[in-house]
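Next, two complexes with chain A in common: one pairs it with chain B, the other with chain C.
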Partner chain A sequence: MTQLILQSVVSGLLVGGMYGLVALGLALAFGVLKVLNVAHGELLMLGGYASFFAFTFWGIDPFLSMPVVFIAMFAFGAILYLTLFRYVTRTEIHTRIKNSLLISFGLVLVLQSMAVRFFTADERTISTAYSSDAFTIGLVRVPVVRLAGLAVAVIAALFLEWLLSSTRFGRALRATSEDWTRAALTGVDVKRVYLVAFAISAALAAVAGSLISIGYSVSPNIGLGWTLKALIVVVLAGLGSMRGIIVAGLFLGLMESLAAVWLGGQYREVAALVLFLVVLSFRPQGFFGRAHA
Partner chain B sequence: MPRAAAIAAGLVVLALIIGIGFFSSSQHLLTLVIQTMLLAALASSWNILGGFAGQISLGHAAFFGSGALVTRELWLNGMPLPLAVLAAVAATTVAAAVVGVPMLRFREIYFAIGTLALGVAVFITAGNLWPGISSMSAEALRNYDFTGPYFVTLGVLVATVAISLWLKHSKVGLGMMAVRDDEEAAAATGVNAFAHKMTAFVLSSALAALAGAAFAYFSVSYFPNFAFSVIWTFEAILVVFIGGVGTIVGPLVGSVFFIIGRDSLPAEVNEFQVVLFGLLFMLVVLLMPGGLTEAGQRLFARISSRQPPDANTAKATKGKELV
Partner chain C sequence: MLEVDGLEVAYGDLQVVWGVSFKVSESSIVAILGPNGAGKTTTLLALMGLLPVKAGSASFKNNSLIGVPTHQMVNLGLVMIPEERAAFSSLTVEENLELGAYTPRARPRQRETMAEVWETFPRLAERRSQKAGTLSGGERQMLAIGKALMARPELLILDEPSLGLAPIVVEKSFNIITEIRDRGVSVLMVEQHLEMALQVADHAYILEMGSMVTDGTSSELAADPRVREAYLSL
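And then the complex of A and B:
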């Protein structure tokens, strides 16, 4: 029993790292552009396929293709911003969130059915030589690939924090996120900030996708599930800090995992969703978040 | 369109649908009309909450599914259909009133996320509790006739549209629209925002359950959790916006457009049907928030006055009364 619980704790934390990573990009777009991109999970799905096909056709290791996927999806994110979300950001904040929700909902349908058409509905997983490697600490088994996923999540969060706090661009980004009109008045190129923030957001989703294609699996309809997890994490964490988002991700993963032990695997997600709704009812501004991030 | 003309057009369409039901022997046509009516009823029910009261729910399928589930279980176990439907709608109304209280404390985006979480949780739970496929008995199947489901679905649609029409011109409906346009301002003028949102939520859910009941009566066999699938919510939102959100005819026009589009696209493009509608949806949201209804009205105004409509009047009618 102790072993089962310990193992669940570890697996939960490892999955939770992925939740955090997926949520980072979503939080960035929501915090800076004030747009809610529910197609975030579909961008993740595309990143996963990119790594999968790079591995299948050219034998490129997913950890090597990850930077390329990052750059490719950065470009794709920029295109999405220029063709769609740019128009949404022209409206005032109130309609902005609502319209971005609708626009990205349309994007979900488009990307998902294109993926079914071109990649088929099959579930895909990359199996490398090290895919099933794991080491054991005491009673607990730790899969190497998933641990690497957690590491990437933490690195991504620290990188974002550094970017936000220590660079000129980061300052512009924070200023825009707090009040874009005043940022614009002080000489910040708000449109450029929007473009780059959204592109980074898409690229982060794709990196998460690459990791998911190794440690988990990719299929055209995985998007919504991951988007929902990311949404939950962002709401739990608030938009205060990138570290807070990773912590909230770990928390969600842990809760799901423990719920699976007590209620059975088929209720792991339901338990997390109910928990989320309860938390939201009592603390609408999230665990770590300030009321206005 | 003047009121008399709108009523006349509605009656002509109704007569046409009844005529098809009585005289057509084409199963293809009957199925198509049933699917259109079902989607139109579901979309209209979403429109009460999303279009009139302005609360974007992503968990609407939970109530469609619950209506379908209760109806199906009771009806297949021998209860007369009207009683089963009544029980399903009553049960869903109570459920909606209970979940509505915490849900409607969430504002705007949190409401969307909260209802999505609710919808997914209910979908998974339904799949866990009712894993087996639900089929009509062999005997029922042998006597299966399209006429019954056709007119039941028509009845559901007519009821939903009638309630929407009444609501749109009632004081309650006006209050909902006031809350949609500016919740603070509405509250300041004495509109109880929460009560109006709650009314919209419960009414919308009850009508979704009614549509679900029609689905349960019409379908030969399906997995019970399919009725809870997020697809139902998505299709409803899609057609509401394409047709014209917040209007009476919008969901109807959108549904006809959607189902006919799906049916008539050539096979090689058919796979891209969702892609096409997704793109159309995005175009509508970005460029023409009034949807096809508004596009049609502008065209109508242009033809009848032979000059482009005044930009100011076009702006003034946006999001307001379009029927």
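And then the complex of A and C:
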């Protein structure tokens, strides 16, 4: 029993790192542009396929293709902003959420259908030589690729924190998320900030997708599930701390995993949603968020 | 240096500014005065490109401002401190000042300007690593002005600088505004408090219901019986 619990703690934390990584991009777009992109998971799905095909056709290792996928999806995110989300950001702050929901839900349908048409509905996983490698600590088995996924998530969060706190552009991002009008009056090109923030958000989703195509699997309909998890993580953490997002992701993964062991596998999802409701009711600004007036 | 002619602004079908014209010349303080709801803030926001202009023209140093993005105006030296104070509460005092020098115009002289700001506002230097959200009203006002100075303005626009401040802080702010003018920066301010504004302004306009009703030098306006009756409780 002890071994089972320890093993599920470790598996929970490892999948939780992915939740955190997926949530980072969602939180960035939401915090800066005030848009809720429910197609975030579909961007992840595209990133997963990009790594999968790079591996299948050209034999490129997914960890090597990851930077290329990052750049490609940065560009795709910029295109999505210019063609779709730019129009949402022209509306009043408080109407952006509902407008972005409508637009991004449409995007979900388009990207999913296109994925089924071009990539087929089959589930795909990258099997490299090291895919099933694992090491054992005591009684617990740690799969190497999933551990690498967690490491990437932590690195991404630290990179974002550094960007936000120590660079000129990061200060402009924080100012814009606090109040875009005053940011513009300070001389910040708000449209450019929006473009870059959305592009980074998409690129982070794609990196998560690459990792998921190795440690887990990709198929055209995986998007919404990951978006939902990311949304729960953002609610748990609150906006304002990138490190907090990763911690909340780990916490969600852990809770799901323990619920599955103690209550049964069918309670995994229930645990996540109950956590979501409890936090929304008692601490709506999240664990690490600031309460806003 | 700033010329606004026949400016009209509407929120959808609701027009609130009807053909407003005014001028700000070099090294002077100009005040636009009028009661709450007269369209003062609307005029400024439209001027800065934050509200659509329905008709009229505006130019700064002979560059038309119509259709120019806000951040580019800041880079021209046209800097506005909005009513709710310009500082960002989640950034520290120092980060706010650094952000103030965001434009290519101000960036190369950031260090030098910041030293000047610390000197003008020693209080801010004491609080440099504190979040702006934790400052008092007066300190926030100083930070807002300091941050605007970081942009190396040629024309500083202030929306209701006296709003929500204790009389002593207002007096101090107006002293600083005069000092800024004496350094060669023009100032355009919008105010409800006529008495105080007329004490510092060189020229003033009175705006009512979205139209300019009169204008003149501060002493002319202070002596005008209609102005005295309507606004000054003398």
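Quick note on the criterion: the second predicted complex is superposed on the first by the 292 of 293 C-alpha atoms of A that agree within 3 Å, B and C clash if a C-alpha of one lies under 4 Å from a C-alpha of the other, contacts with A are read in each partner's own complex, and residues count from 1 in each chain.
Methods note: a contact is a pair of C-beta atoms (placed from the backbone, for glycine too) under 8 Å apart; a residue touches a chain by one contact, two chains touch by 3 or more.
These numbers come from a predicted model, not from an experiment.
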Touching partner for A:Leu36 - first (chain B), second (chain C), both, neither: first
Which of chain B and chain C A:Leu185 touches, first, second, both or neither: second
First (chain B), second (chain C), both or neither touched by A:Ser113: first
Which of chain B and chain C A:Tyr267 touches, first, second, both or neither: first
Partner, of chain C and chain B, that touches more residues belonging to chain A: B
First (chain B), second (chain C), both or neither touched by A:Leu224: first
First, second, both or neither for A:Val235, with chain B first and chain C second: first
Which superposed partner A:Ile97 touches (first chain B, second chain C, both, neither): first
Shared contact residues on chain A - chain B and chain C: none
Contacting residues of chain C [partner chain A, same complex]: 48, 50, 69-71, 74-75, 79-82, 84, 86, 88-91, 95, 98-100, 102-103, 106, 147, 151
In the complex with chain B, residue positions of chain A that touch it: 36, 84, 87-88, 97-99, 101-103, 105-110, 112-114, 116-117, 224, 228, 231-232, 235, 266-267, 269-270, 273-274, 276-277, 280-281, 284
Parts of chain A lying in touch with chain C, wherever the complex brings them together: 168, 171-172, 174-175, 178-179, 181-191, 240, 290
Interface residues, chain B side, partner chain A - complex: 56, 102, 105-106, 108-110, 112-114, 116-118, 120-121, 124-125, 128, 230, 234, 237-238, 241, 271-275, 277-279, 281-282, 285-286
